[in-house]
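Naming follows writing order (A, B, C, D and E), and every chain is counted from residue 1.
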Amino acid sequence: MFLGEVLGTVVSPVQIPILNGQKLLIVRTLTPDGRRTGKTRIAIDKAQAGVGDRVLCLDEGSGARGIFKDPEGAVKTVVLGVVDYVELERGRVYDHRTTKREGQA
Amino acid sequence: MFLGEVLGTVVSPVQIPILNGQKLLIVRTLTPDGRRTGKTRIAIDKAQAGVGDRVLCLDEGSGARGIFKDPEGAVKTVVLGVVDYVELERGRVYDHRTTKREGQA
Amino acid sequence: MFLGEVLGTVVSPVQIPILNGQKLLIVRTLTPDGRRTGKTRIAIDKAQAGVGDRVLCLDEGSGARGIFKDPEGAVKTVVLGVVDYVELERGRVYDHRTTKREGQA
Amino acid sequence: MFLGEVLGTVVSPVQIPILNGQKLLIVRTLTPDGRRTGKTRIAIDKAQAGVGDRVLCLDEGSGARGIFKDPEGAVKTVVLGVVDYVELERGRVYDHRTTKREGQA
Amino acid sequence: MFLGEVLGTVVSPVQIPILNGQKLLIVRTLTPDGRRTGKTRIAIDKAQAGVGDRVLCLDEGSGARGIFKDPEGAVKTVVLGVVDYVELERGRVYDHRTTKREGQA
């Protein structure tokens, strides 16, 4: 799993049952202390996440298919949940309640 | 999944049933705002995509095999669909209807 | 498998059965002689590991699901065990018994 | 899948049934226009490819096992076929018939 | 599959059946002509390999589990065999019989 930040959405008329009605989020991988990396992926949203949300993602097809109960589903990456907080040795480096979506760098 | 751009095609006399009659596309990975990365892959076309099209791709074998209903198929990457639009926090950064294939940088 | 160091924890209200009650650790990949790389992952803890522990991790979904006896589980990376020691050609480069958690660089 | 160039062969007395009598090729990944990357892999040859050949490769275990009809086979990368030609937007950048093996840079 | 060199061993009290009594090797990935890369992995030894040996490795979980006849085993990377020789276009670049373990750079 990895930590990410929702950057936006992609819309594509894909004719794949598992993707019907699913929101496709663009997620940027973050370091544990919240710095943005150069890596992005397209993920199915399972957490009602929005742009700017810090999220926990799974990047493994079989586990992702298990979530959608579709053993043949065309899916690899899933946004599992919005992150409540992240704690490193030096303390809490992210707390969802005290983070404003708009003001982040 | 990842965003890509179709660069061209590869033709190889492969004797693998799942690849019979399939068009093999060369796809370059793009950043969400459309910059080209150095990474390319060969993908089976499931979206009638052409050179210059911005596409949504799956890069996971079991999901790709599910699409072709072949649990033993030699396939990993599939072009799932042509992208309609991409939206980031600052607005729509790509719209298929207003993008000319020929004029792109 | 890879060697890692536990950096901290992530808390997210994920509604996925296999993750219920599991501690999610942030693990940084280490070189064999203990230097930190820039790569981190989120892993399920199967070894009662704590911040600062050097750990052995598996990064493969089907094996991870086997550990949790859940063939559809949304899991990829697991902390399998705390490392006792690491030996390279020039001798023992890490020994759990002689390493203080607090004093490490 | 990816494009590659056969660099050579590896011989190892591996006691794994699926590898019995198989030629193991060293394949370097190429960019679409034929530049060599720094990445190499060891692949099972399914195309009677030789040193210098430009090849189409699959890098996914389950699909590779499907080719060899061995659901437990220890295989990940397979040379599927020798490439006939590669076409990018600016035209044909590789044609097997007009490429000499010996003279290539 | 990839070529590697055994750097050392890791010992960890892991409570996973498939790992009972298995030697865990630290393997560094090599280029075809034997230069060391910066990438290392922890692998189960299936070839009685020792420190300094050049080895052929598989890095794919399902194939690795097939070797150990354990469909749920927590394993991804396996040392399949010690390499006899490596041949590139310019000739034999590695021969196990003429390589001293101690004297290697």
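By definition in this document, a residue touches a chain if its C-beta (ideal position, glycine included) is under 8 Å from a C-beta of that chain, and two chains touch if they have at least 3 such contacts.
Bear in mind that the values here come from a model prediction, so they are computed numbers and not experimental data.
*Asks:* Please decide if copies subunit D and subunit E contact each other with the same set of residue positions, more than half shared, or with different positions, and reply same or different.
*Replies:* Both copies touch with mostly different residues.
*Asks:* At what distance in angstrom does the C-alpha mean of subunit E lie from that of subunit B?
*Replies:* Subunit B and subunit E have C-alpha centres separated by 35 Å.
*Asks:* Could you please state the distance in Å, as a whole number, between where the Cα atoms of subunit C are centred and where those of subunit E are centred?
*Replies:* That pair's centroid distance is 21 Å.
*Asks:* Residues touching two or more other chains, restricted to subunit E: which are they?
*Replies:* Correct list: 61-62, 65.
*Asks:* Which label fits the chain touch graph of this model best, line, ring, star, complete or other?
*Replies:* Chain contacts: single closed ring, each chain with exactly two partners.
*Asks:* Output the ring sequence of chains, start subunit B, direction subunit D.
*Replies:* Beginning with subunit B, then subunit D, the ring reads B, D, E, C, A.
*Asks:* Subunit B touches which residues of subunit D in the complex?
*Replies:* Touch residues, subunit D against subunit B: 1-3, 31-32, 47, 55-56, 58-67, 69, 78, 80-89, 93.
*Asks:* Quick one: in the complex, what on subunit B touches subunit D?
*Replies:* Checking each residue of subunit B against subunit D gives 7-16, 19, 24, 26, 28, 38, 40-43, 51-52, 61-62, 65, 70-77.
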